[in-house]
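Below, chain A partners chain B and then partners chain C, in two separate complexes.
Here is the complex of A and B:
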């Protein structure tokens, strides 16, 4: 290795160090501690039965864990899919010219700048059975008291949770897909149109394969967030059985300290489930890319 | 490979730390104060030297937050101490912080929490984890405002916290009673229940118009405890629940709590939103207040002697709200406290703050501004001071103090609270098919873990 090569290599290492140290020390350290605690290592509470798989055993052995897992995946998947459909539609619309487009381009990004908690508060204020909508309906005399308003929030259908996720993530997916669309230009679509392809065929055979990288990366991020998110299902969810992050929080928040280890086992389970799904998703995508001849 | 090694050594260090490390100066001060060898002037001088005090407390009450900033902070500033109020969403956060710091080796004088507003299981945890400053409360000059003579049954509220002897490691700050309020615009006077049986028949006629806070929140736990007391098959009310978990066999506890739990199961189909599939239990105080204000529920039960008076004043309660006696003979009464953790960095300043909080002036001001009941004992005060306390109270609405006193009951032992709460979660929330006896036995086994 020449001196020059060595200098470049050192510079490269220096560039990598900040993110690497954050990942290894903070993230890696927390991960190791979580794993240790979930396996019975918590001497500061006077508990040390390491290695002890009973926390995972009792968690996975209970039926409610699987119900919670199903709810978690259901909210995450439905919201991601809805946001994907709306986001892609919006991106395709934005690429074309229409009156007022300049304003619309700023308007659709608004939810990106508003925090989740504010979105949740908006949902509570508007949609709850004591909320603005119910009061308007009661005032109009359609129902006798606001409490009779049909329940939108706090049910296990999760309309409130899904609404907040979709509201927040549609612009995110739009942004990602729109950027890819701008990059690829419209020539291939136009060529297909000239050759007589119909609109559906153009989208599925020409546009979709090209925007797929944007779709995969943005849905990956949204899905991972939705699986691990806590506030929306906590505030807008239907109570027991809760999603897994809420279950974990309940264990942590209990004044009974022994439950904290059960909480750690729940957190680790969320990590395992999310990890497996995301890696499977990426693996399928990579195979597809390779079949398409891309690397 | 290096990072891995350092994490492992960190873990090893954590495992090794089970005794207090100590800042020698702070340790000397603590020993001197606890053994009675530090006069109060020296404590105040040291407090001014420390210059600040970090009090961690539940920040969900705006009136209390304002009082801390506008009244407590200036009072402490006069003593040369800057008050740093840390508002937390749950007391457990502060307890977690103290324990986390303790386990990472921060000992006497080296932590970051000087004082926590606390009671019940959280105090029991600190005590069990040996994370307390020590028996300071009776050495404060203002401790003369409190009854410490244990031959007087009224002293129990000062020396026992949820049945756990507190060894004066915390000073009483406020006294509370679990009182229910009714929205009298929606419920006729003759329909207001005074027993659990009457509540049940009210709910059968008016389904969905009541709910209680979800255990393990303490407001929910307390409702469950009252139901358990009232349905005690021996008719001995709260008495057997004063014992610690070590003194009562699981089968016996199961027998005592079964009727109460079964009662709660039986009203479940008529609770809020139960018609839509599953009943809704609010998560906390704020959510409960919201349901009551919106007219979604007709009764609201929580700790709040003056909650109605204060709620009407600031508009968080419906206009026709008033208090009522429910359930007869089992309205749980307790105190809440200020505790100094063992690794408090400004322990002298914390002592000065604790002493100020136990003064008549601060209690009167807290009553007037926040509506938090007095934590000091009226009969220990001069007639004039006792009257100031009475006059400062925002007032009861719909009940008299005599009625509340006549129906008072003590809290459940903190160790039993864990078991009863676990039983509620298993039987009522998770609809477990196991018998109550099996559930209690499992909860006992988990405690021993």
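Here is the complex of A and C:
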């Protein structure tokens, strides 16, 4: 290696140091600590039974854990899928010219800039029984009293949670897919139309395979967030059994601080489940890519 | 074999008029070039014929049938895009199979036709490759095959030779010509390059600012441009203002010479005289003084291998003369230029 090459190599490493240190020290360290605690290592609480699998044992052994896991995955999956469908539709619409497009392009991004908590507050104002929507429906005479409005929030169907996630994440997916669409241009779609393909065939056989990288990366991010997010299911959810992040939060907040170890086991479980699902998703996608001949 | 007719077609995007009352007749089996500078509306015209754009006014006829309102999928046309627009996620054979497959043809029939068409475009060894693994010329042939397999009644190409290097250009030009003759498809292509238009087309439609400036054979457009603009676009350099001395003699700052008999002009009319650089004969001493003769001195020389172009100063004017490079004259040589009357072309002044 010449001196010049060595200098570029050193410069490269210097550029990597900030991100590496954050990853290794903060994230990696926290991960190790969480794992240690969930396995009974917490001398600062006077507990050290490491290695102790009883925290995982009692967690995974209870029926409510599996209900919580189901709810967590259900909210995350349904909201990600809905946001994907709406986001893709919006991106496909935005790529075409129509009057007032510039206004749309600003408006749709608005939820991206509004915090989740504000979105949750809006959901409470609009969707709760006694909320704006119920009053409008009552005013229109469709129901006699706002109290008769169907329960949207605080049920295990999670419509409120899903509504907030979809509201917040549709623009995110739109942004990602729109950028990819701009990159691929209209020509392949036009070529397909001239070759005789109708709208459906054009979308599923030409457009979708090309925007798939954008779809996969944006849904990956949304799904990972939805699995781990806490405030929406906490405020808008149906109560016990809660989603896993809320369960973890309750353990951490308990007066009995030794339950923090149980909380850590919950957090690690969320990490394992999310990790397995995301890697499986990526694995399937990579296989598809390879089959398509991309690398 | 389809005959195409554009009847006062007009296309407007917002306030911008892309095409203004364009009439165009393309015979069945003909190869026509739409030639013009970028932004003249030629690609818009192609897109309207294909159905990707709808004319704001006027109508488009295929074999006498109005197709202006017909959807692009129903027109059975073919288009080879400038950057080919191949489907990047499909192999060569999947790309080629796309058309028949969306038209619901049987798997066996598609497989048979793919074999056939890949043979025609000589891409059989590349059938499992992806577009990214092909060269520009190969990608173009895939695009052609993908189009031809649908048996289009009209084949359209956007700048078919623009992205190819010189050697490949010659190859592709022959290929397109042969294909067109073999399949007898009415073919329309767009180009901004007059050489490309002349190389390929039976007839050339020159379009300026959304209007048809001239529609004729390449030879006639090159030799007998109807306007200064067309002459300039076709690469003419020797254009001089002048005046008719009689029905068949003209005077310019270069000198006086004979021209073809002018039936539609009268003596004294201002004209522009076009002298094609290769239509002039260049002579060294001893000089004669019969017919249309100009005397001058060589100021510069450009050597192109097969041909050589001299810049000759002549009565305070400059004129380009091109001849085969079988001999080389030197800068500073005194020369005599001769031009046959039938090689002189007059444009309106």
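For the reader, a short list of remarks on this structure follows.
As a working rule, the second predicted complex is superposed on the first by the 278 of 295 C-alpha atoms of A that agree within 3 Å, B and C clash if a C-alpha of one lies under 4 Å from a C-alpha of the other, contacts with A are read in each partner's own complex, and residues count from 1 in each chain.
By our rule, a residue touches a chain if its C-beta (ideal position, glycine included) is under 8 Å from a C-beta of that chain, and two chains touch if they have at least 3 such contacts.
Because the structure is a prediction, the values reported are computed rather than measured.
In the superposition on chain A, A:32 contacts chain B only, with no contact to chain C. Once chain A of one complex is fitted onto chain A of the other, the partner contacts of A:77 are absent, as it touches neither chain B nor chain C.
By the touch criterion defined above, A:47 reaches chain B but does not reach chain C.
Put chain B and chain C next to each other and count what each touches on chain A; the higher total goes to B.
Of the two partner chains placed around the shared chain by superposition, neither chain B nor chain C is touched by A:217.
In the overlay built on the shared chain, the residue A:24 is in contact with chain B alone; chain C does not reach it.
Chain A meets chain C in the complex at residues 187-188, 190-198, 201, 205-206, 209-210, 292-294.
Residue ranges on chain A touching chain B, taken from their complex, read 24-25, 28-29, 32-33, 36, 41, 43-49, 64, 129-130, 145-147, 151, 154-156, 234, 238-240, 250, 253-258.
Residues 3, 7, 10-11, 14-15, 17-18, 90, 92, 99-100, 102-103, 120-122, 125, 129, 208, 214, 216, 273, 276-278, 280-281, 283, 290-291, 293-296, 417-418, 421-422, 429-430, 446-447, 449 of chain B are the ones that touch chain A when the two sit in their complex. Across the interface of their complex, chain A is touched by residues 50-52, 72-73, 76-79, 81, 83, 85-91, 98-99, 102-103, 130, 146-147, 150 of chain C.
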